[in-house]
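Read from first to last, the chains carry the letters A, B and C; within each, the first residue is number 1.
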Amino acid sequence: MAGIKRRTLNWIDERLGGGGSIEEFLRHKKVPLHRHTAWYYFGGIALFLFVVQVLTGILLLMYYRPTASGAFESVQFIVTQVKFGWLIRSIHSWSANLMILIVFIHMFSVYFMKAYRKPRELTWVSGMVLFFIVLAFGFSGYLLPWNTLAFFATKVGTDMAGFVPFIGPWIRVFLRGGNEVTGATLTRFFGFHVAVLPGLATLLLALHLLLVQRLGMSVPPGVEKRIKEGKERERSMPFFPNFLLRDIMGWYGALGVLGALAAIFPWELGTKANPFASAPAGIHPEWYFLFMFQTLKYLPSKVFFIDGELLGLMLFGLAGALWVIVPFLDYKAGFGRTTRFFTGLGIFALGYIIVLSGLALF
Amino acid sequence: MKGDTNSEKCPVGAGEEKPDPGRRWVNLLLGTGVVATIASFVYPAIRYVIPPPVSEASNLSVVAAKIGELKNNAAKVFKFGSEPAILIHTVGGQYRAFTAVCTHLGCTVQYRSDLHEIWCPCHNGIYNLQGRNVSGPPPRPLAQYQVHIQGEDVVVVRNA
Amino acid sequence: MKRSLTTRSRIRGCAIGVAIMLWGLSFASAAPPKNSCISCHSQLPGQYGQPAKLFSADVHQQAGLSCADCHGGDRNDDSMNAMSPAKGFRGAPAKAQVPAFCGRCHSNPSYMRKFNPSLRTDQVSEYLTSVHGKRLKQGDTKVAVCVDCHSVHDIRAPSDTRAPVYPTHVAETCARCHADANYMKGYKIPTNQYALYKKSVHAADLAGGDTSAPTCTTCHGNHGATPPGVNSVASVCGTCHVMNQQLFEKSPHGAAFAKMGLPGCVQCHSNHEIVKPEDSWVGTDPKAVCVTCHVEGDNGYKTAQAIAGGIDKLKATYHKADDVLNKAEQSGMEVSSARVELTSAHSDLIKARVAVHSFNAADVLKITNQGVATSRQAQAAGIAALHERDYRRKGLAISLIAIVIALSGLYLKIRKMEQS
């Protein structure tokens, strides 16, 4: 058995330019072991869920119609007529939400472990761009079933985009494909969702993974310090097969959770969107935008001379920008010096998101 | 569950040839699990891509009847999406199709072969063969659908 | 000096040409025939000038008639002589003479044929049978005559949407007198009919653009306006509400109402304030119509109870089925066949409400029971769809078992691997 494995690897290796790079990679890639190792799994789970989305998305593409007159009916068709269509559709919807949750966790765990410090700044930046791409996937995909909730959530969301100073109205028209949310918006969002965003995501994912492979796994500063001081032994486990098998367990677990959610809480069809009806009461965006939505609700309509919504948008924009360049702000971490400030900032951000989302829900 | 392996001491799978019955069972369990899970994904995916018997959403077009099924001066009420519709084979041999939902209070209309008109039994409303409301309480005409002959099928199509 | 031949013929030619030109021009400038009445009266102030100003809108003017065709006189005479009796001048008629005045032409078929052969010519004879006509003969000049409804000098065809007798304006026109309490003092009839009619479903239909919806003249007649007698009410309503009338006349109420002199449909549905009937009108609740006559224990009471019970049961089962199907649809289940089935239960409900007019519980219950059975079937289909949705959990269990096997296999493999 081992012989076949070795011979296959050699065959591939020769055709990739030789040098035994694959076998070396498989043998020598190591994962650090310490009390925070569990967080390392979340990146892999996010990747797994992305693959699930691509596969179920391709299956849905075979029956979906991106027009105002056909979208709702085609989703209805998938869910009622196509064999296991209900399963594919519900998995796609649940996996989208689960993936966003996982990337939030992955991002915050990387932040708190300060894995963004030198030399991994670009990994963090590419990861943040991926994060925004995933949110864009969520926002664009949400409209595609063309039901009432999705229609009005999109209306509110694209209205917000219009508040960006100077270029806001142009952004809104660009997103909507017109002045209002119509079938043109749907087709446009479909284009983003199945072509533009997957292309961008693939490129950035390739970069992100390449960087992770080349730079290896970062060890949290606290653990590093203790190892240096001799208080802890430096331990690791081989990526292949030990970490990988555990990774796969995590993926199976995620799969089980997805299947259970799809069967026990099937994603609803809703009612077909009517652009001329008035918005139902209590319209709100999906949960991952709730904290921003709730913040805007609390801001007064005018703060000094600035429009409340504009102020909120600018604040979030600023916060997001700062978050992206945090490796360059917290450069001290690159020298092993941990500043409580950034940890505190992270706790504040996480707490803020959780508390405001909670307030929006109840 | 963190296996504490120091990779320098015990390289994994390095030339182990000890006959370990436990190992065989574990491999068997793992293999079964993996194959079963893959099968439980591949099976639905294959069933999914095989097109269902009705290849399109049936609320836009429907095969209402076969050629020869309806004689002249006869009609058939059929299901179109979630609503009844009526297909009429006129005296002159033409096919006409309309919604069968009366515009007055929603009863299902019928074709009267004695009157050559469409009749609603609830309040005696009458529509002519252009769908126009000509007598009784109906306030609006019946929406008309297109009829196409496709081989042996009489297909009724409605605009979205 | 004698002019040359060529010059003479040239002059002659020019003269003829000019004469022809002038003759032709006389046509261009004199397009309408002379109407001296209009030319003078349009320059007079107040009531003397009004008719001339209005006349351009009149249907008679468009037919080529002039003032003189009704009032006599000479339209070509520019002097005051135009209005002399010698020229046949009749002047403005007194109120009591108006029907005959209009009837001079409008009751003459050979004359009317020249203008519109399909126009009726019996309006005056109908009018003389009406309440207005009879009272006019007795000397009452407050009643309506032709010009009160059709206007005068700017008379428009009834099909003209601006005419006072266009269907959507008829009620207002009648109301000009009949809703004026002061004017109607002395006549012993109510003056609230217009106010009541405006609340009716017929007025709403008419306002909504259905010009076949009934207005005053539909039930009372237009020229022969007379309220229908108590025994003809059902027939009048039955000109549109055919099925209700037929059922009613065969029902126990038909003969009974006739004997008691009760006004048929109006007894329950009112005459002018005809509103959309509610299901609660039928039954034995204090607010229902049936208990205004029937008392507990009599046949009518029991029938009312049975009918109301049947309809309520059908409504309840229909709505329950509708709710279940809605839930199934919204959660993504395919129930369109059940939906189509349910539409026949809806039709049964509509038919049952018509069948009420037979006042026969068995007939109504036959329809409602059929509707109830259909609704129950549709509801069952909806519930089955919801079960199918839940049943998928069981299918999930199989794949979950596979996942658990894989997970435990992985776990054990890892342990085994790392023990060595």
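Here is the rule we use: contacts are C-beta pairs under 8 Å (C-beta built on N, C-alpha and C of every residue); 3 or more make two chains touch, one makes a residue touch a chain.
As the structure is a computational prediction, the values presented were derived from the model and not from experiment.
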Draw the chains as points, connect those that touch, then say whether the picture is a line, ring, star, complete or other. complete
Which chain has the mean of its C-alpha atoms lying nearest to the mean of all protein C-alpha atoms shown? B
Please state whether A-C or B-C has more C-beta contact pairs across its interface. B-C
Provide the C-alpha centroid distance between chain A and chain B, rounded to the nearest whole angstrom. 35
So how far apart, in whole Å, are chain A and chain C when each is placed at the average of its C-alpha atoms? 62
Taking each chain's mean CA coordinate, chain B and chain C are separated, in whole Å, by 42
Which residue numbers or ranges of chain B touch two or more of the other chains? 1, 3-5, 12-13, 37, 59
Got the chain A residues that touch at least 2 other chains? 76, 81, 87, 241-242, 246, 252, 255
Multi-chain contact residues (two or more partners), chain C: 399, 403-404, 406-407, 410-411, 413-414, 417-418
In the complex, chain C touches chain B at residues 205, 208, 210, 240-243, 336-337, 339-340, 343-344, 346-347, 350-351, 354, 398-399, 401-418, 420
Complex contact set, residues of chain A against chain B: 2, 30, 33, 37, 55, 59, 62, 69-70, 73-74, 76-77, 81-85, 87-88, 235-238, 241-242, 246, 252, 255
How about chain B: which of its residues touch chain C in the complex? 1, 3-5, 10, 12-13, 16, 20, 22-23, 26-27, 29-34, 36-37, 39-40, 58-59, 79, 81-84, 101, 105-108, 121-124, 136-137, 139
Chain A-touching residues of chain B, taken from the complex the two chains share: 1-7, 12-13, 37, 44-45, 47-50, 52, 54, 56-57, 59-60, 160
Quick check: in the complex, which residue numbers of chain A touch chain C? 76, 79-81, 86-87, 89, 241-242, 245-246, 248-249, 252-253, 255-256, 259-260, 262-264, 266-271
